[in-house]
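Okay, so chain A shows up in both of these, paired with chain B first and chain C after.
And now, the complex of A and B:
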């Protein structure tokens, strides 16, 4: 398997792209989807494998800088990071790359270079196309479609994985359908949520011929440095007064602010999490009853909920459950945090489950928010639950 | 949601231009098209519009300077420039608040991404509901990519202009392209601003925005104003 390096996508693909198979990132115009191919390239190469990057619309020197912007140092990968320069010839510039396509508008020229590069690799690797659509623009639709078939067959011979960034400009219906459905073993749609303007981005699997395709759609963001992150727009943290909600939000977040007065939250906590391929915005509610109207306001459109409880304060558990009602959290993924485990008399998660009579499908996890103990485990659990929702 | 060019006599004749309109500006070299397009953007900026400018001949910093030079009071954070020049000159310039770098004029995919990101930023973050997109110029883009490619690109982005109720303005050099190119591209636009060389200098008129073309006017560019005569 060659991993794509895209968070969640490798899980969905049961590990990645099998050797000898091909994958196309099918990108809605205007969405910064080329980063998918870049990330797959860098991930492969930094794992000690070979990667060939076919540059068709950017100067190779600029390409290295583009990788750098994400914190992906291509120099460190040495000669495992190989560029086929199908750009310089277009603007009549010199090239310092080993593989140079002298006439990028001639698909045979390109094919020859790509085949040569594939042969030269010392083991299975990945061949990533910066922009298949640019090649199609230069060489023609049917010529390019034929060439893709040839490249994919050649890759099969050498056990390389083929990865194409393809921007779905309005080519002929046939061409688009071919790319989406026929020509590659798998296709990932990289789309934009648009109304007036594009304001959100997602990916999902259209096709993967080695497995049953899960019907999943994942929001993502692109961060520099970092790359593609699965994006969860809203996670809610609620619970009784003084349970440790604000502490929990800050423990999870790379940066966070709280609107507090005299140590109690009067409006909200807002934090931003960037953790292991995930990015999320997290909102903590106040706990005191007099702020319940604010709690209601804050709780719309959450994708998952943490209920934070002070494990030493069983008297407030009912209030905790009540807050799940106020926030209308039932039906959403919920993880209960058995906080303050460091204190004398803290109840265990199982004791709390009994007292709350919570069904076993709601995880209750121990934590010490002041030390960040257990908070990331809880985050991973909730994220997994959120990603399971269709 | 309506727009004006900021070219007084023409505006009077044309009346308000509806949101979602795409207009071609076509004229000979040296006729001041760069200024004209900047002026159209400028008049949007002083009316609380956002301006997204794709620059294929001037580095983004020069374009930004034009605005700063003519009026220090305009909201600079409403300007977004897609610079297709600087990186082709071999400079590894990073993006800034106002300027996003495209790899080259070949990289229509990248240009499209940057335009979309500015649109999102102005609409979502700054809550600006009127945006002007100025592409200066299609002629450079056509030097690097063939007509079908450019047509596909424009097909998508004139559509986005409609969806966003924005105003799109696209510059073309007269005399640089064959008739087929011009005829093909014209299908995508709702109207044109035409410039020609007259006896006493350049003349301007609008076509397709009124039942009949407006008369030709002699004009002169004075800072951020286009003064029409005749």
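And now, the complex of A and C:
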């Protein structure tokens, strides 16, 4: 298996791309999708395997800079990071790369170069195409389609994985359909959505011929440095007064701000987390009843909810449950944080479950937000639950 | 042109009146839809706080039957922040330079809010 390096996608693909198979990132115009191929390339190379990057629309030096922008240092990968230069020939520039296509408008020339690079690789690797659409523009649609079949067969011989970035410009219907459905073993659609009022970008699996395709769509965000992150636009943190909501938001976040007066949150806590391929914006509500109108206002469109409870203060549990109602959280993935486990008299998660009469499908997890105990475990649990929802 | 691009256009047009250092469109519940930032900062937090302010202001006045505020204006020594509703779902907020005149900005912001309301 060759991992794509895209968070969540490898899980869905049951580990990655099997050796000798091909994958196309089918990118809708207007979406910054070429990063997918770049991330797969860098992930493979940094794992000690070989990667060939077919540069067709950018100068190889610029390409290394593009990788640098994401914090991916290509120099450290030495000769495992190989570029097939199918660009310099276009502008008549000299190239310092080992593989240079002298006439990028001639598909046979390109094929020759790619085959040579595949043969030379010392073990299975990945061949990533910076932009299949550019090659198609230069060499013609049907010529390119034929060539892809040839490249994919060749990859099979040498156990390489083929990865194409393809932007779905208005080519002929047949060409688009062919790329989406026939020509590769798997296809990942990368698009933008304007569903409701939040705008985002998503990816989903269209096809993968070695498995049953899960019908999942994943929102993502591109961060620099970092690359592609699974993105959750809003996670709500709510709970009664003095349960430790702000502390929890700050413990979880890489950076966070709070509107606190006299030691309590009066408006909201806003935090941002970047953790193991996931990124999320976190909204923490005030807990006191007089701020309920603001709680209601800010809780819309959350994708998941943390209910933070002070485990030593059973009297407030009812208020906690009430806050789930105010925030209209029922039906969303909820994780209950049994906070302040280090204090004397803290109830165990099971005792809390009994007192709240919470069904067992709502996890109750122990935590000590002041020293970050349990907060990331809780985050992972909630994210898994959010990802299970379609 | 997608809705997102149209919203971006509204903001960049708004920026042309000058002295606007940052502008953003967000949902009423504080999620960023589009931002045009000329200052360093985190647009997500900027809009989350703006949405809270506008919501709090609306709650404060409507609790006392004084209607819904047309806008929230915040003045500091370093500039001004104006936040305004743009239809029931969205809001628009701008951050200006200290010497910026409010008159023109309010007129243009009201126009922008109308456009955003139609787009969403």
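Here, the second predicted complex is superposed on the first by the 384 of 390 C-alpha atoms of A that agree within 3 Å, B and C clash if a C-alpha of one lies under 4 Å from a C-alpha of the other, contacts with A are read in each partner's own complex, and residues count from 1 in each chain.
Criterion: a contact is a pair of C-beta atoms (placed from the backbone, for glycine too) under 8 Å apart; a residue touches a chain by one contact, two chains touch by 3 or more.
Being a predicted model, the structure only gives us computed values, none of them experimental.
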(message) Under the superposition described at the top, does placing chain B and chain C together on chain A give a clash or a fit?
(response) clash
(request) Name the contact category of A:31: first (chain B only), second (chain C only), both, or neither. (result) first
(request) Examine A:108 and indicate which partner it touches, taking first as chain B and second as chain C; both and neither are also allowed. (result) neither
(request) For A:348, decide between first (touching chain B), second (touching chain C), both and neither. (result) neither
(message) According to the stated criteria, A:65 is in contact with first (chain B), second (chain C), both, or neither; which is it?
(response) first
(request) Classify the contacts of A:192 with the two partner chains as first (chain B alone), second (chain C alone), both, or neither. (result) both
(message) Tell me which partner touches more residues of chain A in the superposed arrangement, chain B or chain C.
(response) B
(request) Using the superposition on chain A described above, determine whether A:90 touches chain B (first), chain C (second), both, or neither. (result) first
(request) Answer with first, second, both or neither: which of chain B and chain C does A:153 touch in the superposed model? (result) neither
(message) A:133 in the overlay: touching chain B, chain C, both, or neither? Say first, second, both or neither.
(response) first
(message) Can you tell me which of the listed chain C stretches (7-15, 43-51 or 97-105) runs into chain B once everything is aligned on A?
(response) 7-15
(message) Let me check the overlay on chain A: which residues of chain A are in contact with chain B and also with chain C?
(response) 30, 192, 194, 197-199
(message) Touching residues of chain A toward chain C in the complex: what are they?
(response) 30, 192, 194, 197-199, 233-234, 255, 257, 259, 267-268, 270, 272, 281, 283, 293-294, 297-301
(request) Show which residues of chain C lie in contact with chain A when the two form their complex. (result) 2-5, 27-31, 33-34, 42, 44-45, 48-49, 51-53, 55-56, 59, 89-90, 120
(message) For a test of understanding, state which residues of chain A touch chain B in their complex under the given definition.
(response) 27, 29-32, 34, 57-59, 61-62, 65, 69, 87, 90-91, 131, 133-134, 137-138, 167, 169-171, 192, 194, 196-199
(message) For the complex, give me every residue of chain B touching chain A.
(response) 87-88, 90, 92, 94, 103-104, 106-110, 112-113, 115-117, 119-120, 123-124, 144-146, 148-149, 152-153, 155-156, 160, 163-165
